[in-house]
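Heads up, the next two complexes both have chain A, just with different partners, chain B and then chain C.
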Partner chain A sequence: MLSKLDQQQYTKRMNNRIRKNSVLQSVFFLSALFGLFVLAILIIRVVTQGFGWIDMDFLTGRLSTDPERAGIMGAILGTLWVMIVVIPVTMIVGVGTAIYLELYAKKGKFQASIQTNISNLAGVPSIVYGLLGLTVFVRLMDLGNVVLAGGLTLSLLVLPILIVAAQEAIRAVPSHLAEASYGMGATKWQTIQRVILPAALPSILTGSILSLSRAIGETAPLTVLGIPALLIPFPNGFFDTFTALPMQIYYWTLDSSLVAEYANLAAATIIVLLVLLFVLNSVAIFIRNKFQHRY
Partner chain B sequence: MSVVMMENKMTVQLNQEKEQSAGTAIEEKDVVFNTKELNLWYSETHALKNINLSINEKEVTAIIGPSGCGKSTYIKTLNRMVELVPGVRTTGEITYKGKNILDRSFRVEDLRTQVGMVFQKPNPFPKSIYENIVYGPKIHGIRNKKILDEIVEQSLKGAYIWDEVKDRLHENAYGLSGGQQQRLCIARCLAVQPDVILMDEPTSALDPKSTLKIEELIQQLKKDYSIIIVTHNMQQAARISDKTAFFLNGEVIEFGDTNTIFTNPSDSRTEDYISGRFG
Partner chain C sequence: MALKKEMQTGNRLRINEMIAENKNKKSMANIMEKIIPAILFILASITILTTLGILYTLLTEAIEFFKRVPIWEFFTTTELKPLSQNPKFGVLPLINGTIISTIIAMLIAGPIGLMSAIYLSEYASDKVRRVLKPLLEVLAGIPTIVYGFFAFTFVTPLIRSVWPEVEATNILSPGIVMGVMIIPMIASLSEDAMNSVPNAMREGSLAMGATKLETTFKVVIPAAFSGIIASFVLGISRAIGETMIVTIASGSSKNFTFDITQSMQTMTAYIVEVSGGEAAAGSTIYYSLYAVALTLFVFTLLMNLLARYVSRKFREEY
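Entry: the complex of A and B
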């Protein structure tokens, strides 16, 4: 027993401390519950509104003003085409930048200024990227609002996130592994290729899937680019006009005051988008677990 | 004379007897590393001060000294691993077989191919035992499966670990014990067929039995390789080395035959250190 405290004081303080602990525990539990609660409401709402509308015709059909005949194949294809642009561009540029900054760049003013800029860019609102895309890709490069322009815009948007994630992944590779490689006469590139990248790959993939999920769900930059949700032909290549799932959700929600069923169509499209994200995340987790090493 | 020193003397004598019974004649050896006026700074820290050391081929050279005296820094300079630390500066000269390795025109890749290194903590790659061994040969361009298989067997035998792992070559190296991992790392180093092997406290993370195995291994390797080993263990230095260098605060206080250093040191600081009065 602490000699400076008498029994009464001791019991009182101990009771207080224990009470404080349990109160805080409940606060943290409620915070955690809050997130779960919101997610549950969201899913219940979306599912009750939209699930009945999902069928083969909806998934494979073309867009139509008639809610009973409308399908979202065009938007699904558009989203997939955009991903075909975003995945390689962000992986190559993002991982390349991270490798340069972490492994090649001399620590100094130049490296520090790139680093700061990347961190700042990660915080720029997505609509600003839309403006950038509109100016550079749609107008200056005269691409129009096609798959390539949309994909490049979204790539720019998620690049900073991916770069930072890849940098952290590379930094987390224990230095003694690289030392072992250098110690046998390996060049820097051999060490990167055979030791550092394989060890960093799981975390890089996690980061890239998270940023891809972000790209798939973005609407604001696409509205700025002028991506329509109209009766346009299915996109078939990088230079075709397209629409994407979030655009479809956006326009149907806007017009649900005119046609009530559009709200159901929007909900159904949200389910499709969520399933797509869920599949992507599962693939990421699968790959990560498959490649994960202990060290 | 302290008890420790008497023990040291006994081990040294034992060593001599072993060598004599094996009929090893004492002869002049070639110099492999010659260090002249070497100074090294980590940004502001002056870690190595005016080092002059000449290290012989096919011998075991032990480097001893208290923590922070620059032992690791010195052996990392011998394969220029120290350059991985940003802000390192060196002056002076280290010749390896007559060529100055600190010269920028000496390619580190060449140097590290000829001067291998075993680290304090076993650091196998998170790959199979087989893949660990062939890593070196592969980066040097050997692709032939038969040659690689041969290298794996030879290297593992060379590190006296073949019998323990021959049935599990394709299992992850992390499944091995610490001592086995360290011998695997030595085998991985042998696979590149270096001339010199640098060892930075290779047994400090190991139990006595594994330590003994590695010490025996070093005695074998000495026939074909020049070995420079950093150790905190006086007995170990006395047991396995031919020459000993005593470092203190970045300087070489004394360098010479292990016998002499351990039984009749000329500097009182060396005597204090090996008899355990500081460090």
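Entry: the complex of A and C
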């Protein structure tokens, strides 16, 4: 039997423990909100600073040192051209690698070493890819700092992301689908081509778009390649020099200590870039929700 | 009778044709069956080639650099003056800048990321989690250049308004912003680790009269410890390799200092400065790029290997 004193102490301690729990629960909740709070400040800040500068002239104009006349059409086109390189290269190499690893490679040391290698590549800083691109594409293959060199560098950078996503997509296709196809007399490649890939396609596309949006936001490798922000002509092909939206943001941010308006231009360009990323991600989410099969 | 026989032979002919046709098709399919794995193998080897390419470029150019600058001088001296008359190449100021920015970032991202993970995994209702998690992922999807802009044009002036000694370019502001950028990574990896702790363990603890908080700290976190540590190590690796935020907001001072109000250069920022600048191919400063990049590569590789080792070695199996 507890004496009255004991019971009082017991209640007190219990209440303390409960109070501690609820206090820290709010602390945890606030930390979870902290990131969102900063995100909100960031977006509000960028929008208030840059939104007034976005108009047709800004979107379609050429680069200029005069903030009032500067436009980012060249950077938009550069980013689009890079996307045209990155999409097919990463899709073919990424999905091909994923099919090989999941469906062809014998489970063993070799397959495991490729797998380890891919996860190591995913951890290599993007700037190191820039040096690889500078040495191999710009110098060794003598492409110069053109769309193709930039696109290939960024492709290598995001490849690990897409490979892992495609592998997961292929793994998620239930084996009875493939078995039914084999049972009908289909060969392995026929099964892959007509059963497994179509079933995995929505997830692969989602992964592909997400890796693409990573690629077009990257700046560091491009700075290493020596992508200029000069008054160069618009890029018209894979072998033209180009600039891209993140590069434009970079230069304008750096120079904002010289010309204050450049900060506003950088903010306006950030809005354009974020809208582009938002559209891409929305498409990815739409594809995932609309077409993903549930087995 | 005759008619029937004719029909049979006709049928047989057609069947023979079909069989022949099928055989033809089959041989096409057989050829594909042989070619496709070879093509896929070539595609898969591109990732290996990438690794070899990185190692080859970094090593050959770095070796060239170490022929000109002794390796011990590179790693032990604190003077970095690549452009002066009498150039000095000591990498310690860059390593120092990298470590300090990483520490600042982890002081933000570690606790806040872990506490977010605790909230999401242990306290949040399903509804709240389904809203919060994607929003946190948005934070991870923002390009680093945007964070750089934010650090330089917003966070630095904000810090300077309360702490005027802070310089216009300093390591503190990009460190903090980098921490914010890493929060979602640590939160989501730690949450995964905590989610994989079986509910039976929680229920056992709660049934003994422990509060949720006690359950979290005495049962869930110890059980998920390897995953949480791995998420921290990956966060560190991410901070070491982060480039644009520090390049923009921390300037290019190569002083060896521990004063966080000052500009410091990280390894990544040095690479941007030198490669974007006028370093002619073949000059010592050009080769120094690769020596620094090799150091950076080894740092991040070690961190990634460590993360994998920790999460494998110390995983508690249930």
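Here is the rule we use: the second predicted complex is superposed on the first by the 262 of 295 C-alpha atoms of A that agree within 3 Å, B and C clash if a C-alpha of one lies under 4 Å from a C-alpha of the other, contacts with A are read in each partner's own complex, and residues count from 1 in each chain.
We adopt the following convention: a residue touches a chain if its C-beta (ideal position, glycine included) is under 8 Å from a C-beta of that chain, and two chains touch if they have at least 3 such contacts.
What you see is a predicted model; the values in this text were computed from it and never measured.
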Clash or fit: chain B against chain C, after overlaying the two structures on chain A?
fit
Output check: A:Thr187 vs chain B and chain C. Expected answer is one of first, second, both, neither. What do you get?
both
With both structures superposed, pick whichever of chain B and chain C touches the larger number of chain A residues.
C
Tell me which partner A:Val195 touches in the superposition: chain B (first), chain C (second), both or neither.
first
After the superposition on A, what does A:Lys107 contact: first (chain B), second (chain C), both or neither?
first
Angle chain B-chain A-chain C between C-alpha centres, in steps of 10 degrees?
100
When the two structures are overlaid on chain A, which partner does A:Ala70 contact: first (chain B), second (chain C), both, or neither?
neither
Answer with first, second, both or neither: which of chain B and chain C does A:Glu179 touch in the superposed model?
first
Report for A:Leu148: first if it touches chain B alone, second if chain C alone, otherwise both or neither.
neither
Min C-alpha distance chain B to chain C after superposition on A, in Å, is 8
Identify the residues of chain A that lie in both the chain B contact region and the chain C contact region.
187, 190
Residue numbers on chain C that touch chain A, as the complex places them
29-30, 32-33, 36-37, 39-41, 43-44, 46-48, 50-51, 53-54, 57-58, 61, 111-112, 115-116, 118-120, 122-124, 132, 135-136, 138-139, 141-150, 152-154, 168, 180, 183-184, 187, 211-214, 234, 237, 240-244, 247-248, 268, 271-272, 275-276, 281, 289-290, 293, 296-297, 300-301, 303-305, 308
Okay, in this complex, where on chain B does chain A touch?
79, 81, 84, 86, 108-113, 116-117, 119, 121, 123-126, 135-136, 139-140, 174, 185, 188-189, 192
Could you please specify the touching residues of chain A with respect to chain C in the complex?
17-18, 20-21, 24-25, 27-29, 31-32, 34-36, 38-39, 41-42, 45-46, 49, 92-93, 96-97, 99-101, 104-105, 114, 117-121, 123-132, 134-136, 139, 156, 159-160, 163, 187-190, 213-214, 217-220, 223-224, 226, 246, 249-250, 253-254, 256-257, 263, 266-267, 270, 273-274, 277, 281
Show which residues of chain A lie in contact with chain B when the two form their complex.
106-107, 176-177, 179-187, 190, 194-195, 199, 293-295
